[in-house]
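Please go over the structures that come below.
The following pair of complexes shares a single chain, subunit A, combined with subunit B in the former and subunit C in the latter.
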Partner chain A sequence: MRSEIVIIGGGIIGVTLAHELAKRGEQVTVLEKKYIGSGSTFRCGTGIRQQFTDEANIKVMKRSVELWKKYSEEFGFPFKQTGYLFLLYDDEEVREFKRNIKLQNKFGVPTRLITPEEAKEIVPILDISEVVAASWNPTDGKADPFFATTAFAREAEKLGAKIFEYTEAKDIIVENGEIRGVKTNKGIIKTEIVINAANAWAKLINAMAKIPIKIPIEPYKHQGVITQPLKGGEINPMIISLKYNDAYLTQTEHGGIIGGVGVEYGPTYDLTPTYEFLREVSKAFTKIIPVLGELLILRTWAGFYAKTPDSNPAIGRIEEINEFYIAAGFSGHGFMMAPAVAEMLADLITRGKTELPIEWYDPYRFERGELRETALQMG
Partner chain B sequence: MLVKLMRLTEHPILNFQEKRGRKITIYFEGQPIEAYEGETIVMALHAAGIRVLGYSVHKHRPRGLFCAIGKCASCLMTVNGIPNVRTCITLVEDGMKIERQKDKPKLPPTVKPPKFKEAKKVSGDIVIIGGGPAGLMAAINAADAGAKVILLDENPMLGGQLVKQTHKFFGKREQFAGVRGVKIAEILEEEVRKRENIEIFLETSAIMLLQDGDEKLVVGVRKNKELIEFRGKAVIVATGAMEKMIPFEGNDLPGVYGAGAIQTLMNTYGVKPGDRVLIVGAGNVGLILAYQLIQAGVDVKAIVEAMPKIGGYFVHAAKIRRLGVPILTRHTILRAEGKEKVERAVVAQIDEKWRSIPGTEKVFDVDVIALAVGLRPSIELLHQVGCQIKYVPELGGHVVIRDSRMETTIKGIFVAGDSAGIEEATTAMLEGKIAGIAAALEIGTASSEWFKEIEKAQKELDEFRAGPFGRKVLEGIKKVVVE
Partner chain C sequence: MIKLNIDLEKVNPEEVFICGCDVTLKDILDLIDQGITDIQLIKRLTHVGMGFCQGRYCIDTVAQVIAWKTEKDLKEIKLPDARMPVRPVKMKVMANEK
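Our next item is the complex of A and B:
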């Protein structure tokens, strides 16, 4: 079998990219070793935010939100702009966020500083006794990873893309620096272009292609929690508290309170849930919203943050292997960034350039020792 | 008036007048209801004739009791403003306010910020989860073999399902032959309570089972509030089973109850489940249930059984027939009818291909449909901790791989009773004994003399399973036991 482009990894990055490339008339195949979304996407916290602290991520996320809105309307999956609410607890934090807000406003993201009372109007069950201000952007939001991933995959297939589940890339055939094909557990696919969208497993794919540069991406175990469902409208926005263990929480479409805290393990490929997480998440959530203490937790689970040293992904072309691209190492931001990443990488592949600031994610930066400002990360 | 009607005052075997606690008042949607201390919320409601406990979230269909032992979500109600309380295992308290949920629940308006304290820590040699026949026997034997034992159960009483078995047991003398299940529960509880090296935690749910360094950690929650960390060198999971449901129209109507739930109502709490009952399933559970219902003064209209032959013991079936209850083999239930609760059951004969035969429909005017269609093992904790699982229909569904001493694929984690595969209380007790001793041997508190006790119990198990009814179980066990 032959395919012009092979994407390795059927998470949100793989399927949005397949959709974007297929839309541009490219013949594209996605290889997923289990089922689509099974790696990290279906384990994600659902949040989509533009409140970053650097120009590139703000710009990319602004475009991403536009695309989330467009595609959710076209494909009919739940995406809601219910906002991100960062709770701030002291003057220093307020100062820092004022700087962030200024930068976000400069690129058209309408974040503003609000009072604790205004925050309580947005989420009435919030405990604001320790809160001094909040950073509020009503255009941030959340989407359902199950519906979104399957919708992008379905639409990509309608446009001719092939998505092979339970098909694992075993090796990449490279001759004299030129890609010839991908060996899978189900046979060889001949191709000239490979995209590494394997995120937490990206280093394995890089090794298969024997890329000559160092791209440090390591899997770290993070966990999520969901409570029993409640009537909608209890917690509309994503609430963030950096003070309480980098916590994030919101209510899903189904009604459960979903979220996590910054309890991290790794690098590891182990996904066993831990008691430490359960205890810490309960502590943080009830500090932020005391009444959540009356709720029962239904499930906890683990997934990977595929982390780079600066928590920014590696997106771009690896010049030494013709043609090998990478879009991995999202450090917990893959889901929210996916539509814009798909657009900028498809631009690069089909037009050789993009208007989005792809250079920020230059995969050579690690090799050159030019790390970026660390992307604001929670959970 | 209704209140008195649903409470059993006379019973040939049980005396509820003596057992009932202090009379208190609880409020169901503002209306005062008489209750007795020591009973669960749902029992008090049922005694007052309240069968509709809530409504389904999307289609707003009425929901009633189903398992009555905390294993399903059918009895969730809002209690004192707190949503989704399992009212079947939560005890009544004077002045309690109970509301039905008609939609996804809302949170109570305000709560004071919680004060954090470290979780209570309890350490022992062996942690046993589940205080039914298997867990009790495991506790007694592990304690006698020198181990410090922690025993927890999420129900308010020990005994598991024995507490509702009014029939006399079969088997050998040392297996309590001729003794009623309720009495066996009392004997075992007494044995457990008189051993100083057994610590008991009731109303305590085990929510997580983990390896924690060299130890096992069981995360427990007592009375929905208090977090307790139980640590031990070994864990025995004896979490029992839950009732199976079968598909038919109207199977979610209040009044369609698991057989065990009906026994809990009438035999544990002395509450009449209804006036006229149809039983689905003529295995031992269905047959014994019919007899118990008649003892409690309830009219049993019929037992339907899809198989061509009765599954249970002949003696039980003969007794039921003598009492005038028809057992309709090759029949199944087509639908339950009624507005807010069961008012009628429609059954029909089925052909060789399990299709109902038109024209054979029979209508029974009943207010309760009892499902005695089998159980499935409760393996949630074993699954969560990572024990190897296998689907074995002969044992009721998914079960864990184990060795002949009840140890799972994780060293130091043992299983016993129905959670190891569906059988009965006698085999559960024997498995509990084996698991208790094996765990004590493994952690080094028992002398090698105890191996003989394991062999003895294994021999008794073999003998008990040697009869025609053990054939299926033995087939199943072959698939899960490894050395």
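Our next item is the complex of A and C:
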């Protein structure tokens, strides 16, 4: 078998990229060792925000939200702009967020500082006794990872993309710096172009191609929780509290509360849920919204944050291996970025350039010791 | 693990509920016919194991059905990771744990 482009990894990044490339007439194949979404994508917290603290991520996320809106309407999957509400507890936090808001406003993201009372109007069951202000952007939102991922995969296939599940890349065949093919558990696929979209497993794919530069991406275990449905009070936005253990929480379509806190383990490929997480998430959530204490916790689960030293992904072309690209290391915010990442990488591959600030994610920055300002990470 | 004491060949798959929350044997068999034999995926596509018992009873049954259909030993069927809590527990109880 032959394919012009092979994408390794069928998470949200792999399928949005396959869709974007197929739309441009490229012949593309996705290899997924299990089933699509089975890596981190189906384990994510659903959040999509533009409230970042640097120009590049704000611009990229603004574009991503435009694309989430467009594609959710075209493909018919749930994406809602229910906002992100950051709760702030002291003057220093407020000063910092005022600076972020200014930057976000400069690039067209309508975040504003609101009073605790205004925050309580948005989420009436909030405990605002310690809150001094909140950073509110009503155009942030959330999307359903199951529906979104399967929709992009289906649309990519309609445009001619091939998606092979239960097909694992075992090795990449490189001769004199040129890619010749990918060895899988089901045979060899001949190709000249490989894209590493394996996120938490990206280092293993880089090793297969013997990438000569260091791109530090390591898997860290993070967990999520879901409770029984909450009756009465509604939590539409994603609520964030950096003070209470970097907590994030919101309500799903079914009414359950979903979210997590910053309890992290690793680097590891272990996915056993922990008691410590259960305890810490309960502590944080009941501080933010005391009535959540009455809810039964139904389930916790674990997934990976594929972390880089500056919490920004590595996106771009690796010059030494012709043609090898990477889009991995999303550090806990890859679901939200996917449509814009797909657009900028497809631009780079098909046109050699892009209007989005792809340089920020330069995979060579680690080797050169030019780390970026750390991207704002939740959980 | 509880051993099934019915003959799966002889039942009407549409009438056998694998999970108390509306998942029939037919739903599971249809997926297995499509080549989907991964419990994690079957769970997400049918919601089996995501309802009131949280899989404590029904997942064993699913595993036995997969073993039967794929002619594998039950021990080879990978069960989903145990996910805390073992029984649904109130958040405020956990919040007061040390």
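Methods note: the second predicted complex is superposed on the first by the 375 of 379 C-alpha atoms of A that agree within 3 Å, B and C clash if a C-alpha of one lies under 4 Å from a C-alpha of the other, contacts with A are read in each partner's own complex, and residues count from 1 in each chain.
Rule of thumb we're sticking to: a residue touches a chain if its C-beta (ideal position, glycine included) is under 8 Å from a C-beta of that chain, and two chains touch if they have at least 3 such contacts.
On a predicted model such as this, the values are computed, not experimentally measured, just so you know.
Trainee: In the superposed arrangement, which partner chain does A:Thr286 touch: subunit B (first), subunit C (second), both, or neither?
Mentor: A:Thr286: touches subunit B and subunit C.
Trainee: Does the superposition put A:Phe146 against subunit B (first), subunit C (second), both, or neither?
Mentor: second
Trainee: Just checking: does A:Tyr35 make contact with subunit B only, subunit C only, both, or neither of them? Give me first, second, both or neither.
Mentor: Only subunit C is touched by A:Tyr35; subunit B is not.
Trainee: On the A-aligned overlay, A:Phe52 touches which partner chain: subunit B = first, subunit C = second, or both, or neither?
Mentor: neither
Trainee: Kindly classify A:Pro229 by the partners it touches after superposition: subunit B alone (first), subunit C alone (second), both, or neither?
Mentor: Touch partner of A:Pro229: subunit B, not subunit C.
Trainee: Return first, second, both or neither, reflecting whether A:Leu271 touches subunit B, subunit C, both chains, or no partner chain.
Mentor: second
Trainee: Now for A:Gly255: first (subunit B), second (subunit C), both, or neither, which partner does it touch?
Mentor: first
Trainee: Which partner chains sit in contact with A:Phe330 here, subunit B, subunit C, both or neither? Use first/second/both/neither.
Mentor: Neither partner.
Trainee: Mind working out whether A:Ser129 is in touch with subunit B, subunit C, both or neither, as first, second, both or neither?
Mentor: In the superposed model, A:Ser129 contacts subunit B only, not subunit C.
Trainee: List the residues of subunit A that touch subunit B in one complex and subunit C in the other.
Mentor: Touching subunit B in the first complex and subunit C in the second, residues 228, 272, 274-275, 278-279, 283, 286, 292-296 of subunit A appear in both lists.
Trainee: Provide the residue numbers of subunit A that touch subunit C in the complex, in ascending order.
Mentor: On the subunit A side, the touching residues are 34-35, 38, 42, 146, 227-228, 271-275, 278-279, 281-283, 285-286, 292-302.
Trainee: In the complex of these two chains, what residues of subunit B are touching subunit A?
Mentor: 57, 81-84, 103-114, 116, 119, 208, 210, 212, 217, 219, 227, 386
Trainee: Mind listing the subunit A positions that touch subunit B in their complex?
Mentor: 125, 127, 129, 228-232, 234, 255, 272, 274-275, 278-279, 283, 286-287, 290-296
Trainee: Can you check the complex and tell me which residues of subunit C touch subunit A?
Mentor: 36, 38, 40-41, 44, 50, 54, 81-85, 88-95, 97
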